[in-house]
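I have a structure I would like to understand better, so I am pasting it below and will then ask my questions one at a time.
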Amino acid sequence: MIDTIKRISGVNPRKCMKCGKCTASCPAFDRMQFHPHQFVDMVENGRIDELMNSEGIDFCLSCFACVERCPRNVEPAKVIEAVRLAVIRQQGGAHLTPDEIPALLDDELPQQAITAAFRKYRK
Amino acid sequence: MPVNEEFKPTIVAFCCNWCSYAGADLSGTNRLQYPANVKIIRIPCSCRLNPMFILRAFQRGADGVILCGCHPGDCHYTTGNYYARRRMTLLFSMLDFLGIERERTRVEWVSAAEGAKFAATMNEFSATIHKLGPNRRLEDLRCRKD
Amino acid sequence: MQERLKQKAIELLQNGTADRILGWKAGEFFYDLTPAVFTSKEQIEKDFVFNVFAGANLSKYLIAESRKGGKVAAFIKPCDSYSFQQLLKEHRILRDNVYVVGVQCDGMCDVAKLGCEGILGVQEDGESLTVDTLYGKKTVKKADAIADRCATCKSKKIVVFDELIGEQGEETEADRFGEVAKLEAMTPEERFDFWRGELSRCIRCNACRNVCPACSCEKCVFDNANSGVRNKAAADSFEENMFHIIRAFHVTGRCTDCGECSRVCPQNIPLHLLNRKLIKDINELYGPYQAGADMDTKPPLTNFTVDDCEPSIVHERGGQ
Amino acid sequence: MTYSYFPGCTLKTKGKDLDIWGRASAEALGFTLEELPDWQCCGAVYPMARDEIATKLSSVRALMAAGEKGQALVTLCSACHHVIKRVNNDLRTDEAIRDKVARYLKLETPYAGETDVLHYLEVLRDKIGFDKLKEKVVNPLTGRKIGAYYGCMLLRPAQEMGFDDPENPTILEDFIRAIGAEPVIYARRNECCGGYCTIKDKGFATKQVDAIMDNAKACGAEELITACPLCLYNLKENATEGLPVAYFTELLAEALGVKEAAK
Amino acid sequence: MQRVGVFVCWCGSNIAATVDVEKVAEVLAKEPGVVFSTNYQYMCSQAGQEMIQESIRKYNLTGVVICSCSPRMHENTFRKTCEKAGLNPYMVEIANIREQCSWIHKDKDTATEKAIILGRAAIAKVHLNAPLTAGTSPVKKRALVIGGGIAGIQTALDIADAGFDVDIVEKEPTIGGKMTQIDKTFPTLDCAACILTPKMVDAAQNERIHIYSYSEVSSVRGFVGNFKVTIKKKARFVDETKCTGCGLCTEKCPQKKVPNLFNLGLDNRRAIYIPFAQAVPKVATIDADYCTMLKSGKCGVCSKVCTAGAIDYQQKDAFIEQEYGAIVVATGFNPIKLDKYDEFAYSQSPDVVTSLEFERLMNAAGPTGGTLLRPSDGQHPHTIVFVQCVGSRCDDSKGKPYCSKICCMYTAKHAMLCREKYPDTDVYVFYIDVRTPGKNFDEFYRRAVEEYGVHYVKGMVGKVVPENGKLKVQASDLIGNQQLHIDADMVVLAAAIEPDKSARPLATMLTASMDTNDFFTEAHPKLRPVESPTAGIFLSGACQGPKDIPETVAQASAAAAKVIGLLNKDHLICNPCTATPDEMMCNGCSSCEKVCPYGAITYIDKEFRGPNRTTLIRRVAQVNPAVCQGCGACTVACPSGAMDLKGFSNKQIMAEVDAICR
């Protein structure tokens, strides 16, 4: 599983020097059980299951602040995405079903948001 | 050369003493691998490389010859590599003109700090020569074998 | 023309300007003019020849002649003058001991191009040549018989002289590199086949080396036990290539493109193409350079600029 | 100059103002946006996983379509730009992805990212020039204090997007200056607005938007502009007490006099 | 035929693990001329060397081949070994079977086969070796120090102390360097100026030291013992010999809006200026970029007020030629530019400063007179956030890959000073690691935490938002597993340091090598840390790598010691591997002369015997072996092959080629 995550993310977690700048930059910090630097560390140390079962992995906003600011070019967002995909692929665990959508919509909501939501929360 | 026998090219690398030979040492110190068929000859400066040495190497069976020297501007003797650069350009061009595969000869600037570049260059060059196969043309140039 | 030269030669001997004259005399055949040194009026009157076959470049002989003591006068055609000046630049000829008579040249002829057999003699007659053969007379246009190297003559200018016979000329616009470009456009395989065809004929007679004004080393590397490439006759095919490659490279930046190498080759190998290729490269990569054109410009191989192209340009510039 | 144009799903529906005024202004500025026929949605989210190929294909089709016409591909929506630019980059640099895509699309010669992807703003900056733009302005927006909101998609990751300095961008500020208004620089202009969470967690989006708005207000901004429909929606809908927000193309059209003419 | 001995070294397991050393010795024993061949664990050990010496005597060896580590490591060792046994040291050849064989290959057969070939090449070469005797060249007993910071000053003082003349070339109007801008020094907290300025004065007053301030090196020729250097004295438009340093002009100059670079642009100075009160030399300089007189020809106030008549608007750059035996590089460092890291809002708020700017803000001679005030509004800051590793320890694409080394300690110092002077301030330090190796360093850092109550937070700042006069700092606290949001008044960035920009062109002039970060490389990272691989060039201070003051001073003195050792010699042993022409073959064509970078080649007309008792005068090349450095450019330029290089002759190299391609 570690290798799968490394492969699909293309991230080498060993490049991380544990400075925590990713976590310092993360806007979704409060909503996540584990934070970007922990993702990287946990992949390196094989704590994948814990990650997959954790709260808020779907909350990453893909804002790439962690990617941009990482001094070591580790790209934590890619790790998070890979873990999220692993959850979806393994468990079919979609976070969103089409039924839920209409309730969430308002008139002005752009299509982009819905497309993005589907992309991000289900397969 | 029988087709089934694995082709092991002979590659001669002329390295200037100050930058590239040290770069080669550094790739050793860092345990960076490159093929064993690359053999290094130490010369004081890239400008010491007489074109005759390259031809001699081909004559004696080399399949590829590469010259490594200090980066232009960084020559230990100030200007040696600039002369080498012109000389090698013209020599390579002439060999190309004679129809010799131009990939058999190469110049690469490798500093004493570029151990990784040295190894990468040798791997790449060796792969190129491997693809080209044994050097025949220089020998065949005169005798029609067909 | 021959008479004017003869007269001048005699005059120079008589007025003490020179005590030897370097000119031409007939060789085995009348169209096979060879360089000769004359010391008396009688010799000159008897043997001195100058005609459309006086292609031989006399400048190389002046290396030795200028060091023999006394003064030598030499007849120098435009292309010879480049070689002469190149040798001056290399400190090979002692200029003070040479009196240079520049000779206007409108191109020399190639006997093979006359298209006649059993040739007994040729008369120059303005724009045409009258060929006297075993089978009668024949008139040939001079332009048709002109030697290849003269057809693409780089310059009619005599770059160094003490006096002139005939008119001073100019550098020409002739395209010397057409043949080289044609080869460049071929695939490497085609080029290889071309050169294999040409060089396989070499018999290692050394004529090219011996005639070449740039090949004037005190001791040639091929005769030098310490050079590592000594060989009298080629021991294997490879050495044959080496000979021409090394020779071409040795004269790089020094070859004036006089074309003597190809003229004397008994096997008609177009050796000058190797030199021209290098001249073309130098012009294109490092800016125009003509060996022997002046005394000051630094030769390309003992010169550089910090932003010269990298050798990889040979791979990158494309073409075949 | 004619460019291939990829509008994207939102610009045809909820984000029409971004599209309409962008095109109209283009005509006024002397370049043409030629909409790609049969374009498909870019997917709105760049598929980061290296083994996600299918989700990249619609971008590749758009890129190839533009490439066939020998045109650069221009986008207006930040998300589309982000997705298409990065997919293009993948095909340019990642041989494995290139080969897989070629197999999926049954291409004889693999597409290797030859098409240039330009954002509309890049066209203004690099092709038209803000100086030229300034000359064409007929209604300079003098005296208006405008904060640029960049969001995430245009800027990051800078190594791939190559759009502007990711931490201190200037392209929108230069744009604001060109149309005669005064740019207001505030640090949160490149912080995430939380738009992707607007469906899931409105409270979170509001927190993000308020921080941005507060920062912009504190620095003196009286209105904001953006290039992203989702950001615009989010900034408008989820702010507790927000500033007016518009697409940059709307202001561009206003300054060029295009908007007036349309009325 | 030489009688060759072959010695194959195991280098413990470094070689023996991948190369079958016994087999190598065995196979090489069969090579022509080899009369003895053996292997041993450590050839460079005392026992190994004795074995070589014994074998030379016992087998009457005339040539020695050692298959071992790189010749760059031990060629000299083995040459000396053999010399002691009566063999000419240049009859030794090294086959590099460690760095270029055992260390790069894994397969034992392959490596063994390669080692044998490398051995063969060395044997082939040694057969053609000739005993060489080194000549000598005189040493110019004067040293040049490039850079007048604390490193350059210390080196110069030490060299002068030993009785040699030294010149310091400093590009700024005053010597002193970065240390002049520093307020206090760690870990003692003594005032930097108090320990530096006496040294500056010492240097100025030392009659063996000459200071070229506001000057640059413009060209370097020559070689160890005999460098010829051109120094450019930039026009400062003030006659140094006349200026008394009264400073009147710097007060009267009407051009007041010139950023004061000494205070890093935090305040302004005039167009004519003396950088600071203790400047050495204390001479005014006109900033040509701002002086109205120089720009438009109108003004001339400074000239009018100068009673010494020192102002000279016509002054031009002057060039001075000087000869030196040794050159010391002490070009120092600079903090990097921070525009790539604007998440910290450095370009957006004046209250975000670099550590060096913070030094000026703390300094009594700084823009605030030593009271810590915010640059934006002159208010006293209550919350200060320090950010470590800004631009250091980065991936190559994001910044400098190295640790800048000094930041942890100076930040501890800053934090401590803040808390001491202003106990009402809250001080946060965000760190990745706190690196404090050094005498009393960690104790110092602990005091900052324990006694002064500085908040050290393991984590990094992600974003700084200037808003309503505050700096909103968003950061991570990795130990507390929380994201911190701090409203700070000032943010201080520990910017990475990099070599001064003047170092790169200087390295080219000196042909001294640099690493990929533009730090000068040392001849050996452990054993020769203050010498450049280029003979006669020495390294002092941060030009070689990040260093703090004590380390810089230590290295500066070490470099001085090396220079003194060199200048103490009357003659240097030359490299005997010089070019040598065969006069019989020389054409006298001047090709070799044109490519010689050292001017070592001249021509003479020489009389030769010709056939039949004739004589012939020919122009032939002569090489001055004391000047020739042995690059070999001439050997290839020579059309006739008359020029050859001792130790790397055509035949030797071709023999190696043959052995390899066999």
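A, B, C, D and E label the chains in the order they appear, each numbered from 1.
Criterion: a residue touches a chain if its C-beta (ideal position, glycine included) is under 8 Å from a C-beta of that chain, and two chains touch if they have at least 3 such contacts.
The structure displayed is predicted, hence computed values, not measured ones.
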Leaving out chain D while keeping all other chains fixed gives the grouping one piece
Neighbouring chains shared between chain B and chain C, ordered by label: E
Mind listing the chains that sit against chain A and also against chain E? D
Looking at C-alpha means, what's the farthest chain from chain E? C
Of B-E and D-E, the pair with more C-beta contacts is B-E
Distance from the CA centroid of chain B to that of chain E, rounded to the nearest Å? 31
So the centre of each chain is just the mean of its C-alpha atoms; given that, what is the distance between chain D and chain E in Å? 48
For chain C versus chain E, what separation do you get between their C-alpha means, in angstrom? 54
Inter-chain centre distance, chain A versus chain D - centres from mean C-alpha coordinates, in Å: 23
Where chain D touches two or more other chains simultaneously, the residues are 167, 191
Which chain B residues touch at least two other chains? 51-52, 56, 73, 79, 83, 87
Residue numbers in chain C touching 2 or more other chains? 221, 227-228, 301-303
Each pair of chains that touch: what are they? A-D, A-E, B-C, B-E, C-E, D-E
Complex contact set, residues of chain A against chain E: 15, 17-26, 29-30, 35, 37, 65, 69-73
Chain E residues touching chain A - in the complex, by the definition given at the top: 343, 389, 393-395, 397-399, 432, 458-463, 474-476, 478, 481, 483
Contacting residues of chain E [partner chain B, same complex]: 70-72, 96, 98-101, 103-107, 110-111, 113-114, 117-118, 121, 507-508, 511, 513-516, 521, 533-534, 577, 595, 597, 629-633, 635-637, 645, 648, 650, 653-654, 656-658, 660-662
For chain B, which residues are in contact with chain C within the complex? 51-52, 55-56, 58-59, 72-73, 79, 82-83, 85-103, 105-107, 137-144
Residues of chain E defined as touching chain C within the complex: 582, 584-591, 594-595, 603, 616-619, 637, 639-642, 644, 649-651, 654
